[in-house]
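Structures follow.
The two complexes that follow have chain A in common; it is paired with chain B in the first and with chain C in the second.
Right, the complex of A and B next:
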């Protein structure tokens, strides 16, 4: 019984375990030395072409920021449409198709967000290095990516009629909350 | 006209709540954050519908059903964006009224509103004939493309408002002063 449960949900369990290890590490003593160890990476980021361009051309930085916002909008739209459908909203739309098509859009918009996010981070690398909220955002993003690809996706890839509606609702609510947290911490960086 | 806009902005700026919002670190940031985060509800869903019309996504889902079902959260998002947007302008009225980017943004918002009305009318008139086609008829595709482009430029303009490159309190060319509506000898910015 326990063995079959572990076998069926191995990706979910591995992701959960990885996240627990990550959070334990972040709140442990060793985080200070690790934080200092990654400083040279952030110093190097500012010297890259992205870093120099981001600092030199304010208009380019602002356009990339706008691209990041558009990516956020599309990612949020796909999350709301897909998770809204799992929650039982938007009745009449085929759940299987909505969830699958939204996942493709989600993946593309996540790619856009990461690409524009890396550019922006290079431009203000040292500044964000010292911001606790930047690390909160990275933690939330890591949780979001793990959740989507290793917990949510394997479950919604099954025959949705055979998955408990309560599990689907729990997945949808968790997904909305996680991605809202990622977006809110990102916004928080803006006014820190 | 610019003098009238300036006088109205100065009047708004002198009201108690404009000062309160502007000077409250948390209130202003909460309003601004709500404005930005609502992009996920308004623009995100609008782009999904536009992509369906263009055949870039959801090609195997009924266009009419998708647009109808997603319409309510999208409109809710736009209402929140509109209200928070007005509050943001109300908090900083003089600078906003004389911002090149804000003026371009308002112009584009008017274009978007007209485009949305025309789009809705054409969609209602033609829906039965192509509902399950991968792509909408040409007129609707053009409308969706206009929507995608103009809203993207609106986001860029919105981001540019935060920068002071073309503010009236710096020396500007006649073209910029004309578009921004800078007033000679103005006392407030």
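Right, the complex of A and C next:
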């Protein structure tokens, strides 16, 4: 009985377990040791070609940052369009079309954001290492990627008429919340 | 086959609910404390 329950609901159980482990980690002592353990990586990042170029040529950093902001704008647009449709807005547009098109735009803009973000992080690696908001952004980003590709995508790939509208709204709301946090914490890093 | 597909759908729906509720709860708590800290800073600065 219990074995079949575990087998049939393994993804659900893994999701619950993931949050328990995440919250336990955030409130444990191991977060400090993990933070210290990654310091050499951030020190190394500043010595890479990206790090030196980012620190030396302000114009290059600004151009890459412009790309990062454009990527953020496009990602935000795709999230608002797709999740807005799941929430019941833009009813004149077919849900399947909006969700599928927005997902491919989302994937490309996420790629642009990560590529430009890595470059920018190399330029200011030690600075961001000591900023708690940077770690919250990374946490939100990791949660967002996991959520979009492992939770949201398998559900919205099914026949949308057969999925509960409340579940779609719940997914849309949490998606907006994640990407809003990623954007807000990202701008917070910029202003710190 | 249909039974297996139903079971998979139920599992995916369950994971969706757990993950979405977890995310919403997590970020409500996060933003609550951020807003609280800004309010405290403003109170210290302007009384």
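Quick note on the criterion: the second predicted complex is superposed on the first by the 174 of 192 C-alpha atoms of A that agree within 3 Å, B and C clash if a C-alpha of one lies under 4 Å from a C-alpha of the other, contacts with A are read in each partner's own complex, and residues count from 1 in each chain.
Please note the rule applied: a contact is a pair of C-beta atoms (placed from the backbone, for glycine too) under 8 Å apart; a residue touches a chain by one contact, two chains touch by 3 or more.
Treat the numbers as computed from the prediction; the structure is a model and nothing was measured.
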item	value
Which partner, chain B or chain C, touches more chain A residues	B
Which of chain B and chain C A:81 touches, first, second, both or neither	first
Partner chain in contact with A:158 - chain B first, chain C second, else both or neither	second
Contacts of A:177 with chain B and chain C, given as first, second, both or neither	second
Which of chain B and chain C A:104 touches, first, second, both or neither	first
Contact residues of chain A, present in both the chain B and the chain C interface	none
Chain C partner contacts - residues on chain A that touch it in the complex	8-12, 14-16, 18-19, 23, 136, 140, 143, 147, 151-152, 154-155, 158, 163-164, 167, 170-171, 173-174, 177-178, 181
Residues of chain C touching chain A in the complex	7, 9-24, 26-27, 30-31
In the complex with chain B, residue positions of chain A that touch it	58-59, 62-63, 65-66, 69-70, 72-81, 84, 89-94, 97-98, 101-102, 104-105, 179-180, 183-184, 187-188, 191
Partner chain A, residues of chain B touching it in the complex	29, 32-33, 36-37, 39-48, 51, 57-58, 60-62, 65-66, 69-70, 73, 152, 155-156, 158-160, 162-163, 165
